[in-house]
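Take a look at this one; I'll ask things after.
Chain naming follows the written order as A, B, C and D, and within any one chain the residues start at number 1.
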Amino acid sequence: MLLELIVILLLGAVIAWISDSIDNRLPKWIAVISLLSSLYPLHPIIMAGSSSDGQAWLVSESYPWIERFNISLYLALDGLSLLLVLLSLLMGLVAVLCAWKEISFRSGFFYFNLLCSLAGTIGVFCALDLFLFFVFWEIMLVPMYLLIAIWGYENRRYAAIKFFLFTQAGGLLMLLSICALVLLHYQNSGELTFNYDQLLQHQLSESSAFWVMLGFFIAFIIKLPIVPFHNWLPDAHTQAPTAVSVILAAILLKTGGYGLLRFVLPLFPSASAEIAPYVMALAAFSIIYGGLMAFSQQDLKRLVAYSSISHMGFVLFGCYAMTQIATHGAIMQMLAHGVSSAALFALVGAIQYRYHTRDLNQLGGLWLRLPKLSALLLFFVVASLGLPGLGNFIGEFLVLIGSFSAMPKLTIIAVCGLILAAIYGLKIAQKALFGPVKLAPCADVDRREMAMFVGLALLLLWMGLHPQPLLDLAQQSVNLITVGVEL
Amino acid sequence: MQDHYLANLLMLVVLLPLFSACLLMLSALFSVKLSKTSVTLLAVGCMALAAILVLLVGIEYSDYAGQSFSYRYANWIEIGQLRLSFGFYLDPLSLVMIAIVTGVGFLIHLFSIGFMQQDADFQRFFIYLNLFISAMLTLVLADNLLLLFLGWEGVGLCSYLLIGFWHQQPANILAANKAFIMTRIGDAALAIALLLLFLLLGSLNIQEIQLKAVQLWPLDDNASQYRLDWVSICALLLLAGAIGKSGQFPLHTWLPDAMAGPTPVSALIHAATMVTAGVYLIARFYQLFNLSPLAMLAVASIGAITLILAATAALVQSDLKRILAYSTISQIGYMFLALGAGAYSAAVFHLMTHAFFKALLFLSAGALVYSLGHQQNIFRMGGLAKKTPFICACFLAGCAALSALPFMSGYFSKDFILESLLQQQMYGFWAIAIIGAFITAFYSFRLFFLIFCGDCQLNPDKKLPTSMIIPLALLLLLSVFGGIMPAVLNVLFEGGPALLASVTNDSLALHLLTIATPISAVLLCWLIFRKHSFSERFNSSLTPRFKYLLFMGWGIDRLQEKIFTQPFIRLCQANKNDFIDRLSQLLSHISQYGHRQLQRLQNGKLRWYAASLILSAIVALLSIVLLR
Amino acid sequence: MINPQSVVLFSLALFCIGIYGVLVRRNLLFILISIEIMLNAVAVLFIAAGSYHDHVDGQLMYLFILTLAASEVAVGLGLIIQMYRRSLSLDVDQLSHLHD
Amino acid sequence: MINLLFYLAATVALMAAILTVTRHNAVHALLYLIVTMLAISLIFFLFGAPFAAALQIIVYAGAIMVLFVFVTMMLHQGELSTRQEAQLYRPSQSLGAIVLSLILLLEVVYLLSVPERWLSSQQMTPISAKQIGITLYSSYILLVEIAALLLLTALIGAFHIARRHQEGAS
C-alpha cells in the first residue's frame, strides 16, 4: 500500500512531465489528480488508525531490494508518520494550488520535480530501512534544488546552491553515520542489516554511540533548521517560488524533526539524554535568535522564514525534553507550523503575485486594497504568534509544559520567544496591512485561493480546539520514543 | 437536569457573540453584502440575547445559594497527567463578572450603533466587539488556567485590533502594537505561572490548584512572613500577568496610548472589562494569594504606586480620553490595593462600580467628541453645560462617582476599600489611598469644570441619536445607584473583611475624613478654576519641569523606550544581516581565495609546469631520503 | 671496470643538462631536444645497470625508452608544426593563453 | 684504459649536450645532439651492449634526428630563411662538432684496431641481440604489444595533429 502511494506520485510526476508537450495546462491537473488518488491507498490505514491495538506499526510492508547487503524496501507507518504523510499530501495540494497561475514556464518539469520531491518526502516518512531512508532523503532534495534554481526569483542560483550544499553536507554526515551504525552492528552481531527494527535492538558502546548519533543529529538539525546551521533557509525561502516555499516550510523542515523523533532518540537514547541539556540550550537560543532576526527583516518572506526557525526551535526543544507531553508538543508544533507557515508563504506569494514586491517598506495599507487577503494574513500571523485556540499554541504550550519539569530555566527563555513572536508578528501586520495606502488597487483573493486559505484556517482551528484525535494517533509513537529514552 | 440547563445557558451566553462574530466574518470573507441594519440586528441582537441569558443564569444560579457550579463540555487535551477540558466554573465572582461584561457590553454595543454609524468599517467593528465579548466571557468563566489563558489572549488580540481600528494612521497602529506587546510580556509571566503551577501541583484546574496549594503550603505563622517560597513565586508570576493586562505600574504605559481606538472601545475594553481582568485573576486565585504575604504586599504596593502615579499624571493632561485613561489606571490601582489588603469583595465591588461610572464617563466623552466633531482637547472646550445638558449631567454623575462623593456608587466602593485597609492596619497604604482620593476628585472636577463651565468655545454640531442616549441614561442610573446593592457581593469570598461592616466608633472620625477629602478637593478645584489657573501650557506654573514630568506620566514611557525598546531595535538592526550567515559566507570566501591562489599556479606556462614538476620530484626524493 | 659511481654521475649530469634546457629555453624545438637528452641520460643508466647485474632487462628497458622517444618526438614535432602554423612562433610562453 | 675511454666519451657527451642546449640555431643544436648520441652509443658499446649501441645510432642519430631536421627545415621555408641561412653558414661553426666527433672516432678506431682489445674491453659479458629477442618475445610480450600500440597511436596522433586544417577552424 505504501509502495503504491509513492509509485502513484512518481508516476504522476512522469505523466505530468510528458503531458506538458500536449498542453501546458495539463500538468497541474495531473498533479492534483495524482495527489488525490494517492489518498486511496491510505484510506484503509486512516480507518484503522483510529483504533490502535498496541502494535508498533499501523501497517508495514517489505520487499527485497539489494539482497547482497540485506537492503530491503521496508516501509511502515505509525501514527507519527501517518500524520506527516497526510500533512505532506495536503500541503502538496496547497503547493499545487499556489503554483496554479504562477508557474507557466516549463510547467511539466515543474510539476515533475514537485511531485518527485513530495514522493521523496513521503518515502522519508515511511522508510524504515536506513539505506532506503537515505535514498528517499536524496530524492527529496535534488528536485528541490532544481525547483529553486529554475523557477526561483532574482538571486535563485545562490540560494539553490546554498540550500544544496547545506543539506548535502548534512546528508553526507548522515550517510557516514548510517554506515557506521550498520557496520558496528555487523561487528557485534555478525549480521549485516539496515533494518530499523533490528538496529533498534542493538546497544552501541557509549563513545561510538555518541559520534554516530552526532552525525544523524547534525543532519537533522540542518534540516530543521537550528541556529548555527540555519542560514540556508532564509535565502532558499526568499528565492523559491511560492509553491516551493510552501513545500519547504510545511514539509521539508518536518523531515528534520521526524528524523530526530524516529531515529536519533530511539536509536541512541543514552547519548541523546547526555546531550539533551546542550541541545535544549541550542533550541532556546534558536527560538530567541530566530525571533530577533525575524524582527529585523524587511523582506516579508525572509521574515516568515526566520519565524520558521524560531518555531522549529520549539520542535527541537520538545524533542529533547524527553517527556511524553513535550514530544506530543513537538509533533503538534510540526503539524501546526506546517499548516500556518504554508499559509503564510502562500499569502506572501499571493501578495507578490499581485504587487511584485515582498519589501515591507513598499507594502502598506494592504487592508484597504485587499481586505480579505489581509484578514487572512492577519489570521495566520496571529496563529503563528501562538494565539490560544489555534494549532500553533497547542504545540508550543505542550512543548513548554512538557519541558518545564526537565529544564525550567531554559523553558522560561523559550517563553520569551512568545513575546518575540508577538513583536515580529505585529510587525508584519503593521508594515504590510496597516498604515497609509501605498499600492494600486488589485483583485482580491479569488475562489481558488479562498477555498485554500479558509480550509487551512479551519484546519488550524481544529488543531487548536480539538487536538485529541491527533494526539491519540501519535500516542503509540510517542510511547516508543519516550520509553526508549526513559530506559 | 438543572445542571444541564444552566450549563447550556452559559454555553449560549459565550457562543452567541461568537456566533454573530463568525457569521459577520464569513459574510465579509465571502462577499455577502449585509446592510448596516442587519449587521446591527445580528451583533447587538446577539449581545442583548446574551445579556438576557445572563439574567436567566443569575436567576437559575440563585438556587445554588452561593455554591459553585462547574460543568465540563468537552475534552480539550488529555495526555497522561495533563487533562484539560472546555469547562466553565460559575460562582458569585464569575456571575458578577459576566453580568458586568454582558450588561455594560450590551449598553456599549447599543451606543456604538450611533457612534460608528458613519464609519465604513461598521461591520468589522462589530465583529471585533463581539469576538471580544466572547473571549472575555471565556476568560471569566474558565475553570482551568489554559482556557482562561485562551480568553486572556483572545481579549488581548481584540484589544489590539480595536485600538488599531482606524488603521490608516500609523500612530494608532503603534499604540496597538505597544498594547499587545506590553500585555504579552505580562502574558508570558502568566504562562510561566501556569507551567510552574502544573509542575508543582500537577493540575491546571483553578479550583484544584487552590485546593492543593492550601494543602501543600499551609500558611505558617511561625516562619518569617515575607518569604520567597514557591507559592509566592507562583503568586508573583500571576501578579505579573495581571499587571500587564490591567495596566499597572510598570507595565501601564500602553493604556494611555490605547485611547487611539474608538471611544466605545475605550469604554468597554480599556475601562470596564478587559483591564479589570487582572483584578479578576487575582480575585480568582485569592486562596493562593492568601498563602503568600509577600505576594499580597506586592499587590498592595503595586496598587499604591500605580494609584498615585496615574492620578498625578491625570492632573495635568489636556486630552480628554488620556485623563480618563490615567484615571482608569489609578482606579485599578485602588482595586489592587484592596486585593492586597485581602479585601477581595471590596475590590470586585469597586470593579463593578468602576465599570459603571467609567463606562459612563467614556461614553459621555464619546458622545461629546461625537457631537463636537472629534475634538478631544479639554482646553478647547468650555461652557458646554448649556449646549449639551444631558451629556453634562452624565458627566457630572460620572465625575461625582469617580471622586467618591457621598452616596454615589463610587463612594460606597471606595469607602469600603479604605475601611478594609484600616481593618488590616495598613495605615501607610490607607494614607496613600486618601491622598489618591483627593487627587482623583481634583482631576475629575478639573476635567468637568474645564469642559462644562466657563466660556463657551465650541458648538456641538450633531444631535445624539436615541441609541446613544439610552445607554447613557442607564449607565447614569447605575453610576448613581449602583452602590446600593453590595450585599450580593458579600457571598463572593469566604473569609476576608465583610462588606460594610458596622462602623465602629474609633473609625468614625476617619470615616468623616473619607467623606471630607473629595469634597474639599472639589472645592479647591473650583477655586482654582475660578482664578483661571488651569493651563494647557507649562510655563505658567511655578514648577514647569515637574508638571511636564507629570504630563509625560512620570517619564516612565520614555524610560522604557530608552532602556528596552531602543536597544532592542538597535540590536536587531546591528545584526540585520545575520552574523552567522556571515560566518558561513566566510567559509565560501576562504575557498574562493584558495581557488584564486591555486588558479594562479595553473598559468599555462609550460616551463613553469616543468619546473614545478621537477621541484616536487626533488622534494619527494629528498623527503624519501631524509625521512627514511 | 668502469666505476659505477661515475656512470651515475655522468647520467645525472646529462639529465640536469636536459632539465636546464627544458627550463631555460623558450623555443619548443629546443625543449623537445632537451627532453631527448634527458631520455638518453636515463637510457644510459638502464644499460649500465643491466650490464652490472648481467641482466637483459636493462637493454629491454632501453628499447622501450626508444619506442617512447620515437612516439614522443613524432607527436611533439606534429604539435610544433601546428603551433608554428598558428602563431608563426615557437615561444612556449605565448602558449599560456591556452589556460583560459 | 677502459676507464679512460669511458671518461673521454662521457666528457664528449656532456660537452656536446651543453652545447646542444645553448645553441641559438636549431640546426646547430641538432648537430651537437647527434654528437651526444654518438658518444652515448660508444658508452653503450663499452658497457657490453653492442645491440643497444647500434640501435642508438640507427634510431636516434638516424631516424629521430632526421625527423628533427626535417621539421626544422619545414619551419624555415621561403626565401627569407634561405638568405638567412646563406649568411649564417660559416664552416667555422661546425668546428666544435667536428672536433668532438673526431675524438669519438679516434676512440672507436683505437678499440677496433685490435680485436683482442675490443673483446677485453668488455669485462661485462656482452648480451647478444638473440638473448634480447628471446626475452622480449617471451616474458615481455605484453609490453611489446603496448609499445606497438603506443607507436601506432603516436603515428595516428602525429598525422592528425600535423595535418593542415582545411576547414579553417581558426
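What to note about this one:
The criterion applied here is as follows: a contact is a pair of C-beta atoms (placed from the backbone, for glycine too) under 8 Å apart; a residue touches a chain by one contact, two chains touch by 3 or more.
Keep in mind that this is a model prediction, so the values were computed, not measured.
Taking the mean of the C-alpha atoms as each chain's centre, subunit A and subunit B sit 38 Å apart.
In terms of their C-alpha centroids, the spacing between subunit C and subunit D amounts to 11 Å. Subunit B and subunit C have centres, each the mean of its CA atoms, that are 94 Å apart. Subunit A and subunit C have centres, each the mean of its CA atoms, that are 64 Å apart. Arrangement of the chains shown, judged by which pairs touch: a linear chain-to-chain path with two open ends. In this structure, the chains touch in the following pairs: A-B, B-C, C-D.
In the complex of the two chains, the subunit B residues touching subunit A come out as 25, 28-31, 74-80, 82, 146, 149-150, 152-154, 157, 160, 164, 167-168, 170, 173-174, 176-177, 180-181, 184-185, 187-188, 191-192, 194-196, 198-199, 571-573, 575-576, 578, 580-581, 584. Note for the complex: subunit A touches subunit B at residues 227-228, 230-231, 234, 292-293, 295-297, 324-325, 328, 365, 367-368, 371-372, 375-376, 382, 387-389, 393-394, 397-398, 400-401, 404-405, 408, 411-412, 415-416, 418-419, 422-423, 426, 429-430, 433-437, 450, 454, 465-468, 471, 475.
Interface residues of subunit B, counted against subunit C in their complex, comprise 602-607, 610-611, 614. Note for the complex: subunit C touches subunit D at residues 1-3, 6-7, 10, 13-14, 17-18, 20-21, 24-25, 27, 29-30, 32-34, 36-37, 40, 43-44, 47-48, 50-52, 54, 56-60, 62-64, 66-75, 77-82, 84-86, 90.
Contact residues of subunit D toward subunit C in the complex are 2-3, 6-7, 10, 13-14, 17-18, 20-21, 26, 29-30, 33, 36-37, 40, 43-44, 46-49, 51-52, 55-56, 59-60, 63-64, 67-68, 71-72, 74-75, 123-125, 127, 131-132, 135-136, 140, 143, 147, 150-151, 153-155, 157-162, 164, 170.
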